[in-house]
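Everything on this sheet refers to the single structure shown next.
As written, the chain order gives the labels A, B, C and D, with residue 1 at the start of each chain.
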Amino acid sequence: MKQMKKIINSPQDVVPEMVDGLVRSYPEYLERIPDTEAVVRSDKASMKGKVGIVSGGGSGHEPAHAGFVGKGMLSAAVCGQVFTSPTPDQIYKAIQAVDQGKGVFLVIKNYSGDVMNFEMAKDMADVDGIKVKSIIVDDDIAVENSLYTQGKRGVAGTVIMHKLVGAAADQGASLDELEELAKNALPHISTLAVALSAATVPEVGKPGFELADDEIEYGVGIHSEPGYRREKIKTSKKLVGELITKLDEQQHLDPEKQYAVLVNGMGATPLMEQYIFSHDVLDKLAEKKIKPAFMKVGNYMTSIDMAGISLTIFELTDKKWLEYLNYSVETVGW
Amino acid sequence: MKQMKKIINSPQDVVPEMVDGLVRSYPEYLERIPDTEAVVRSDKASMKGKVGIVSGGGSGHEPAHAGFVGKGMLSAAVCGQVFTSPTPDQIYKAIQAVDQGKGVFLVIKNYSGDVMNFEMAKDMADVDGIKVKSIIVDDDIAVENSLYTQGKRGVAGTVIMHKLVGAAADQGASLDELEELAKNALPHISTLAVALSAATVPEVGKPGFELADDEIEYGVGIHSEPGYRREKIKTSKKLVGELITKLDEQQHLDPEKQYAVLVNGMGATPLMEQYIFSHDVLDKLAEKKIKPAFMKVGNYMTSIDMAGISLTIFELTDKKWLEYLNYSVETVGW
Amino acid sequence: MAKEEAEMLTVELTKKWMELFYDEIDKNKAYLSELDTPIGDGDHGNNMKRGVTGVKEGLAKLKEPDLKATLQAIAMALISKVGGASGPLYGTAFLEMAKKCNETQKPEELFTVALEGIKKRGGAKEGDKTMVDVWAPIVKTFSDGSFSKEEIKKAVESTKDMEARKGRASYLGERSIGHLDPGAMSSGYLFETFIDAGGTK
Amino acid sequence: MAKEEAEMLTVELTKKWMELFYDEIDKNKAYLSELDTPIGDGDHGNNMKRGVTGVKEGLAKLKEPDLKATLQAIAMALISKVGGASGPLYGTAFLEMAKKCNETQKPEELFTVALEGIKKRGGAKEGDKTMVDVWAPIVKTFSDGSFSKEEIKKAVESTKDMEARKGRASYLGERSIGHLDPGAMSSGYLFETFIDAGGTK
C-alpha cells in the first residue's frame, strides 16, 4: 500500500486551512461566515432581493461547492469534513446569511448524511420563519434507483443544478419557480464515472480501495463508493463507449433533441486525458448524429486525488436551460 | 516502476486528439487552424485592428497554452508534441492567421527548442512582411542565470505574461508597446516549484524521474528537469517556507510594494492541497506584512500528471499591470 | 442473562454514561472507521470521536444543569460536531429524549422516543442494516427485562448477515452482507456504557 | 584509418544516404531517447523518428528533383516534423546546404555551411556538449582526409566527459558529465550513413 503523500499540514486541519486559503485567495468573490466552515459571496449587493441558493456537502470535491459561490451561481456553500456532510448548525447559519426575505433554495446531494443534516437545518430555519425549499440531486446512474434504498447518488450533475438555479435566481425567479425548475431539470441529468484509482482521505491515510496497475472500475462514486464492474484498462474510446451506452439506456439519446455535456476530472486526471476523452465523447455522439449545444471539460466535482473521469449528459428539454448554462457568472470554479 | 495508466488511445495520437477535443468542446472560443495543431480564436472580430498574440510550446501543460486563447488573452497557440517545441511551419501559420497588419507578438518559454523554432517562424514571417516581436520568458529561479548557458526556464510565469500582453493588446497597444511592457514586467516575475512525483510522457511510458514515497524535490522544471534539492516530505508550511525564502532572495519582498501571486498545480495535485498551500503562502506573506493585490490558485501551467505545485510572485511596479491582470477575458483556462 | 430493572435517568447517570461512552469511542475509533471502510467511507470512528469530544466540552460548560439541559447539550454537541449520517441520527435521539424527560425518566420510555426520532429522521426500518437494528431490539428488551450486554452484542452481530438498504452501505447491495454495520457497533457501545454507568439496578 | 576523398554530393547519393539514415534512426530510436533521459527529456529518438519519416515521405513526393530541391525537401521535412531543439538545427543544416549546392557539391564545403548554420541557430560552441561537438571535428576531417567512422565515433564519445552548456542538459550543470549527448549520437549516425551510402570513394 502506497504511503500518503500530500501537501498538507495536519490531517485534522485540512478543511479549515483549505477554506481559509480559498477565501483569502479570492476576497473579491468569497467571504467566510464567522465561526463556520461556510463560505458566502462577498458581493452582497448581488444577492439583494433575490432568493438565496445554498449548497454544500463533505469536502474533498473542490472546486465544489465553495468554488461555485458568486454572482449568478451559489449564494453560499457549507464545507463539511472530508467526505462528511456538514452539520445542521453550519448550514443553518449559511441560510441565515443569504436570506433576503425571498426564501432560500438548497441544493443537496443524495446521501443519507447530507439529506438529514440539510433537513435539520431547514427545520431550524422554519422556526425562524425563513422559507426554505430544496432539491435532492441524484444523477449517478451507476446505482439502481429504488424506493427501498437510499437511491442514486448525487455527483457531477449537482454542478449543473447549481448553474441552473443560480442563473434563474439571479434573474429574479421566486422560490417556487426555482423548485419547479430544479424538479423539471433533475430527471434529465445523468452521470456515470470510471475510476483509475481511489481517493485518499487525509485522516485515513490510504486509498478507499485498491485497483491493480492495469485495472479500472466503472460506476465508482465520488467518495470511492464501489462501482458496477472492474476491467483491464481500455482505450479512451472504449471507456467512452461503455459510459455512453449506459447513459443512452437511461436517456434514449435522440438526434432531434438538444444536450449539454459535462466532462469532469476526478482530481488527479490531467486535462490532457480529459480533452482526449472529450474528443472520443464527441465522436461517439456524432455517430448518433448528436452535437452538444453546450459542453464543459475540467475539474468541477472531484474526489480528492482520485484518477478518473465522469461524463454527465443533460437533455435540454426547455430552451431556458441552455440560457441558464450560458449565463455569465463570477465564481472561482465555473 | 509503476505501469502507465492513462485515459488515452494511442500515445502517438495524444496531441491531435487532445487538440481536437479541446476545440470541439469549446467552439465558442476556439478553432483549429487547418492542417496544424494550432488553435486560434473563433471570435475573429475580437482580433480586428489589434496586434496578434501567439504563444505555444510542447504539449502536456494544459490548459497552457491553447486554453488561454480567447478575447483579452492569446490570439492563437501552437501545440507541439508532448514536451517538444512545435515546429516553425505551424507557428508561422498561427502568425499568419492572427496578423491584422499591426504585427504579431510572440510569448516564448526559454528552452532551446522553443526559442529556435519560434525564431525560424519569425524569419518566415519576416519574408512575408509581417512584423514580429517577442519575449522569452524565463521565470524559474531554480536555475542560475548565466550568459554561458541556456539560462532560466520558462514556467508558470508565462501565463502571467500571456495575461499582461493579452489585455494590453486588447486595449489597442502597439507591437512596440507590447514589447516594452513584456520586457519591463519580465524581471519582476519569479517562480519556484516543488514536485512530489514526476510526469509520465505517454510515448515514454514511465515517469521522468523517481522519488521515494516520502521524498519531494525542490526546483523541478515543468518537463521533469531536475531540481536543486531532494528532501523528506515536509508540511505544507515548511514547503512554502522554503519556496518563499528563495523567492524573497530574488525579489526582496517589501511591504511597501504590491504583489500578484499565482499558485499553480502541476496536474495531479488536487485543489484541496493547492488551497492549503495558498493558506500557508498567505500566512507567510502576512508575516512579512504583505497582502497580495491579486491572487489565483489552480492548474494553469501543468506538467501532465506530475504531483506538485509552483509559486509565482510578480511584483507590480506599474499600476497598469494590476489592471491587466484583472482585465476580463473569454478563455477556457484563465 | 440477568433480569434487571433499569435505573431512572438522572443528571449524574447521564454524565457518567457520557464519560464512559467517550472512553469507549476513543478506544475503538480506528475499529469503527475500519468497519466503515468496506461498506462505507471509513470515517465513522472520526465522526464519533468529534462527537463525543464535543459532548465532553458541552457538558463541562454547563453549570448545575437539569436533565433536560444535559440531554439537550448532548444533542447539540452531536448534531454540530459529528456530521455525516450518524450525527443527525444520534443528535435527534438525544433531542427527543430531552423533549420527553420532564414527563418521564424511565430509560425504556426515553429510548423509545429516541428510536422513533431515529426512524423518522433516517427512514430506516428494522432489517435495513443500520443502527436501528440495535436500537429497536434493545428498546424491546426493557419490557421483558432482558436488557443486557449479551442482548446488545446479539443485536450488533445481527447486522452482519443483513443486506444494507439505507446509508452508504446500500450502494453495495448484496456485497454489504458479511460485514458488521459501524453505526450498529457504535450504538452497541452507547448501550453497553449505559449499563457500565449503572443504568441497571 | 583510411585516407579517402569524399564523393561529390548527388541526388542519388543523397537519397541513398537518407534511406540508410532512416534505417539507423529507426533501429536506434529507443537508444536515442534513452540517452536523452538522464540529461534531457527522453524524446530525442521519437523526435528524430518523426523527422526521418517525414524526410522519406517528402522525398517520395518529389518527381525528378535536382539536388537543391532534394536538400530543400529534407530540410523542410526535418523542420516541420522534428520539433524540439534538434529539428531547427538539422533543418537549418540542410537548408544551408540547399542554398549552397548550386555553387559547390563538395561535401566538405556543404557540411561547412551546414555547421555554420547550426552554430548560428543554436549559439553553441565546441565543448558545449551538443551536436556541434560532432559536426565541428568531422568537418575538419575532410581537409586532412581523415573523415571516417573511427573519427565519428571519437567525436561522439568526446561529448561524454563534457559539461553541457546548451540545451536541456545544461540545467544539470556538472551532473551532465558522464553521459553521451543524444544529438551528438544522432549526428554520428548521420555521418556514418553518409559513408555507408558511398559518400567516400
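In this text, a contact is a pair of C-beta atoms (placed from the backbone, for glycine too) under 8 Å apart; a residue touches a chain by one contact, two chains touch by 3 or more.
Note that the structure is predicted; figures quoted are calculated from it, not measured.
Student: Between chain B and chain D, which partner chains are common?
Tutor: Common contact partners of chain B and chain D, which must touch each of the two, are absent.
Student: With chain centres taken as the means of their Cα atoms, state the distance from chain A to chain D in Å.
Tutor: Chain A and chain D have C-alpha centres separated by 54 Å.
Student: How many angstrom between the C-alpha centroids of chain C and chain A?
Tutor: Once rounded, the distance between the two centres reads 32 Å.
Student: With chain centres defined as C-alpha means, what is the inter-centre distance between chain C and chain D in Å?
Tutor: Here chain C and chain D have centroids separated by 77 Å.
Student: Take the average of all CA coordinates in chain A, do the same for chain B, and state the distance between these two points in whole angstrom.
Tutor: Chain centroid spacing, chain A to chain B, equals 29 Å.
Student: Residues of chain B touching 2+ other chains?
Tutor: In chain B, the residues touching two or more other chains are 82.
Student: Do you know which chain D residues sit against two or more other chains?
Tutor: Expected reply: no residues.
Student: What topology does the chain contact graph adopt: line, ring, star, complete, or other?
Tutor: If you draw each chain as a dot and join those that touch, you get an open line.
Student: What chain pairs are in touch here?
Tutor: A-B, A-C, B-D
Student: Over in the complex, which chain A residues touch chain B? Could you list them?
Tutor: Spelled out, the residues of chain A in touch with chain B are 2-3, 5-10, 14, 17-22, 24-26, 59-60, 62-63, 67, 196-197, 213-214, 233, 235-237, 239, 263, 267-280, 282, 295-297, 299, 302, 304-305, 307, 309, 332.
Student: Along chain B, where are the residues that touch chain D in the complex?
Tutor: 58, 80-90, 111-113, 116-117, 119-120, 143, 148-150, 153, 201, 203-204, 208, 221, 223-226
Student: For chain C, which residues count as touching chain A in their complex?
Tutor: It is residues 33, 37, 41-43, 46-47, 50, 76, 79-89, 91-92, 121-122, 165-168, 170-172, 175 of chain C that touch chain A.
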